[in-house]
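Listed after this line are the structures, all set down as structure tokens.
One chain, chain A, links the two complexes that follow: it is found with chain B in the first and with chain C in the second.
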Partner chain A sequence: MFPEIGNILLILAFTLSSVCFLSTSYSYYSDTKFYDLQKSAYIIFFLLLVSFLLLEFAFLTDDFSVLYVANNSNPNLPDYYKFSALWGGHEGSLLLFVLILSFWMIAFSFMNNYSKIKDKNIVLSFFHLILSCLLGFIIFSSNPFERLLPIPSLSGTDLNPLLQDFAFTIHPPMLYLGYAGLVVPFSIALGRCLNVKEGWTSKIRNWTVFSWSFLTLGIALGSWWAYYELGWGGWWFWDPVENSSLVPWLLATALFHSAIVSNSRKIFNNWTILLSILCIVGCFIGMFLVRSGILTSVHSFALDPERGLILLLLTFGITLYSFYVFFKSDVNDENTINYSLISKEYFLLINNLFLVILAAIILFGTIYPIFYEIFSDGKNISVGAPYFNLVTVPIAFFLAFFQGYGVLTKWQESPLELKPFLIILLSLFGLSIFFSYLIFNDLSLFNLAGIIMLSLILAGVFLSAFRNFNKGKLFFNSFGMNLAHFGIAVTILGIGVVSSHSDSKEVILDIGESVKLNNYEFTLLEEDTRKESNFFSQIAHFEVENLASGKTFNLKPEKAFYPASKSVMTESAISINFKEDVYISLSERLDTGEWIAKIQTKPFIRFIWLGALLMTLGGVFAFTRRVFIR
Partner chain B sequence: MSALQENINLFYSPTDLKNNPPSSDRSIRAGGLVKEKSLLRNTDSLEIYFEITDLKNTIAVTYNGLLPDLFKENKGVVATGYFFVDKNEFQAYEILAKHDENYVPKEVEKALE
Partner chain C sequence: MNKTYLISIPLIFILFISGIFLLNLNYEKKESLIVSDIPLFELQTLQKRKIDQSIFEEGEFKLINVWATWCINCKLEHGFLMNLKNQDIKIIGLNYKDDLEKAKKWLIQFGNPYYENVFDPLGDLGFELGVAGAPETYLVSKKNKILVKHIGIMNDKIWFDKFQSFLND
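Our next item is the complex of A and B:
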């Protein structure tokens, strides 16, 4: 009964959303009266919310007559995970996505007033376009309320054990807040193509920064989750799924920088609109890659050619439609200015250029296997991580190079004041090298590149903050930006150090045996077992001694078995420390009673996610400052 | 572009490896099913030996490292490494982990056809 109601609500939301889009389009092209559609936005959000709650209800009450619940839950699953299991699969995660999208729609229409109903309707209609496409896709080929009748499953297959985890419960919602948030600038940009000019540049800038913050947090959570939950200590794999989130992130980063120029200088207007469209195209391509199963990935959804085809058509349809609106429009820069080589305009132009190139080559490497397969008569290839490292690091280096001095430049023309910048740059550089030797006695090329980037960015940030320090308002205006840039430097520090100074050893240990890695001695003390409601596991107790300080601590990695899905999970044990994580994961227990384990040290890895958190906070601060505090 | 050319790993089924072996200095991926009762382990190191089959041909694989959780006999596997024709042996440096035990990599599915 309840699932059917949920389904009907979805259909109602789909119908209402389509009507909103069509009626606005009709009114626009036939030049007739516009009806206020604000209320329908609230109604759609309400319908989707109830529909979402009904699916949650099915999960919490173990209604295995619903196919999606049967495939993703189990009676023994803790309630907390039953709740988050809703977004553990394809159908439910899409429902969460449209719910979040409708939330952004009402948040946007609530907070942004347009003086003309017509203008507001036009912008909202592009929300409805995306929303109705996705709702149609859910209803016709990915319905989470589909029944498993006449014979319902008795126990359900269980949620994938990897997803029974805290980071996973918040990672998809954050990511979707980011993706769906990018529909806001998309709608404003297309609205601008249809002559809705009211504050469009500042709206694009603010809302892109806001959704970018969530996207940053979502990606970082995914990386953190992969690090401890996949069991082997990697934090980024250049997997198609990860790349699909990185491409929109880079484009969104370019977008709000371009929107800053459009807003302050009334130039780059067409470029800002193009980027807003590309962000959404990037999101749709990502959705297609992840959800069609066309690429072999460590964490893709199940394969389904039909869904893939529909998503591909949707991607093409939305791309063509947006470009049609864009090319038919007649947007010009409202200002003609000449800017010199040392000006904020020029530096932001370079920033945009490199960010878009970076996004393009990552996308290229990600989809290259698809084209290769088509043009080589079905030969399969994969593109290795070395490709991505080789092409991204130099570009990131140039980005940092221009980012550092860029924050100090002024509009139009600014005098080249290299002296204070160079002084701070060189002292930061010297300090970093000194500390690098102090801590690691070593300096690799990769770490050196990281240190140079870090010094460049920080020199800009410190100098900018210092100059504005006494200027009150100005300081707070640039605080968000400086915090986010500082975050990037922190992340780069983490990446540089962990990539060059990580250490690992694969060992076979009997009870009582010890092994050394760097400054640590690992002793396998004993083994143990434990049983939970939905899994049981074998535990190995390790005592780890820090030989430098003489301190010891215990780590208890596990090997868990989940009977419902017959799957085995490696639960790593990590001693968390800013200077260095100590990481143990169990591989398998041999018939002789010995354990095969992997022990690792991961210096500075926390800085990668700390930096992302600072970027997020910086973005949220900048948004809040611009929108609420004037 | 050349960065891309040097870093692509072509996929081979055991039959492909027999009919059309690649040169031993190119990293490739090989996949199929782990042949039943083929897994051997060196007792005092992490060295492992097993065979990959596509039910028509079989190749020997050596690997020095940890096996992913879902590595099982009779299940799909994709290994990355180098193939040596003279020894008819595939030296893997990476064994692809698959999280979902019902999930068969699409290359493996194709190799079994």
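Our next item is the complex of A and C:
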């Protein structure tokens, strides 16, 4: 009964959303009266929310007559995970996505007042366009309310054990807040193409920064989850799914920088609109890559070529439609200024180009295997870390340079003041090298590259903060930006160090035996087992002694067996430390009673996520300051 | 900046990769046409009788269906398999990484579409065949060659699109 109601509500939301889009389009092209459609946005949100809660209810009450619930839940799963199991599969995660999208729609329409109903309708209609496409896709080919009748399953498969985890419960919602948030600049930009000019540049800038913050947090959570849950101790795999979140992130980064120029200088207008469109196209291409089963990856959803075809058509249709609207528009720069080589405009332009090129290169590397498969008669290759590191690091290097000095430049023309910049740059560089030697007695090329980049960025940040320090308002205006830039430097520091100073060893240990890695001595003390409602596991107790400080601590990695899905999971044990993580993951237990384990040290890895957190905070700060405190 | 360039360059790029995606989506369907032999094996049936590759007799078409009681989608295709049985099509079941008692109970409860069932608790034969999960269905020719491999639920559409043409040859 309840699932059917949920289904009907979805269909109602789809119908209402399509009607909103069509009626606005009709009114626009036939030049007739516009009806106030604000309320329908609220109604759609409400319909989707109830529908979402009904599916949630099916999960919590173990209603296995619903196919999606049967495929993704299990009676023995703790309630907390039953709740989050809703977005553990393809259909439910799409439902969460459209719910979040409708939330952005009402948040946007609540916080932005347009003087004309017509203008507001036009902008909202582009939300409805995306929303109705996705709702149609859900209803016709990925319906989460589909029943498993006449024979309901008794127990349900299980939520994938990899996803029975805290980070997973918040990673998709954050990521979707980011992706769906990019529909806001998309709608404003297409609205601008239809002559809705009211404050469009500042709206694009503010809302992109806001959704970019969530996207950053979502990606960082995904990386953190992969680090401790997949058991290899890696934090970024250049996996197709990760890449397809990185591409919109880079484009969004380019977008709000370009919107800053459009807002302050009234130039780059076409470029800003193009980037807004590309962000959404990037999201759709990513969605296609992840959900069509065309590429294999750890995140893959259930595979169905027909779904892939529909998604491809959606991507295609939205691309053509938005490019058509853009092409027919007459957006021009409202200002003709000449800016010199050393000016904020020029630096931001170059940064924009590099960001877009970086996004294109990453996208190309991700889809190259698809390309190769066709032209080599079915052979498979994978493009891995070597390619991506080779192409991204040099570009990131240039980006860091322009980012570092860029924050110090002024609009139109600024004098070349290298002296203070170079002094700070060199002292930061020197300090970093000094500390690097102090801590690791070593300096690798990768680490050096990281140190140069971070010195460049930090020199800009410190100098800019210092100059504005006594200027009160100006300091707070640029605080969000400086904090986010600082976060990037922190992340780069983490990446540089962890890539060059990590250490790992595969060991076979009997109980009582010890092994050394770097400054640590690992001793396998004993084995144990434990049983939970959804799994049981074997535990190995390790005692780890830090030989430098003489301190000891215990680590208990597990090997868990999930009976419902018959899968084995490695639960790694990590000692978290400011300087470095100590990481143990179990591999196999030999018949002789020995354990094969992988032990690793990961210096500075926390900085990667700390930096992402700072970026998020910076973005949220900038948004709140611009929108609430004027 | 010239708008025509701004639009055409990314548009060409996007159209190009969409084209590649489209080609690839169609391509994978062809790839499932593989011809290989039945691997040699020695396992037990659900009734604990010994069984090996000789169960595949030459001279007739048969299906291998990979199933398990933990697999929900297997339940979805079960009705379709019963229909096939009623059309006198021989289906050899491969009970994959499953529990013997549960599997027996399932067949009694829902009906048995299988001519014979190979019990493969450790997935040995599954490994030889290249099984990725359940359900999967293979078409085996009169000369004991595997002609078609289908991953996922079987239904009328897939039967007509992928399997039927071979049976008429």
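Methods note: the second predicted complex is superposed on the first by the 630 of 630 C-alpha atoms of A that agree within 3 Å, B and C clash if a C-alpha of one lies under 4 Å from a C-alpha of the other, contacts with A are read in each partner's own complex, and residues count from 1 in each chain.
Note that in this section contacts are C-beta pairs under 8 Å (C-beta built on N, C-alpha and C of every residue); 3 or more make two chains touch, one makes a residue touch a chain.
Since we're looking at a predicted model, the values are computed, not measured.
By the document's definition of touching, of the two partners only chain B reaches A:V391; chain C does not.
Judged by the touch definition given at the top, the superposed model places A:M569 against chain B, while chain C stays out of reach. Of the two partner chains placed by superposition, A:D510 touches none, neither chain B nor chain C. By the touch criterion stated above, A:G365 is placed in contact with chain B alone, chain C being left untouched. After overlaying the two complexes on the shared chain, residue contacts for A:S292 are found with chain C alone; chain B is out of touch. For the contact definition in use here, the residues of chain A common to its chain B contact set and its chain C contact set are 303, 378, 565-566.
On chain C, the positions that touch chain A within their shared complex are 1, 3, 6-7, 10-11, 13-14, 17-18, 20-25, 27-29, 31, 70-73, 75-76, 97, 110, 151-152.
Residue ranges on chain A touching chain C, taken from their complex, read 67, 70-71, 148, 151, 153, 156-157, 268, 270-271, 274, 278, 281, 285, 288, 292, 294, 303-305, 308-309, 312, 315-316, 319, 323, 326-327, 331, 360, 363, 367, 370-371, 373-374, 378, 564-566. Residues 160, 162, 230-232, 293, 296, 298-299, 302-303, 364-365, 368-369, 372, 378-387, 390-391, 506, 508, 565-570, 587-588, 590, 592, 596, 598 of chain A are the ones that touch chain B when the two sit in their complex.
Against chain A, in their complex, chain B makes its touches with residues 3-4, 6-11, 27, 29, 41, 43-46, 65-67, 69-70, 78, 96-101, 103, 105-107, 110.
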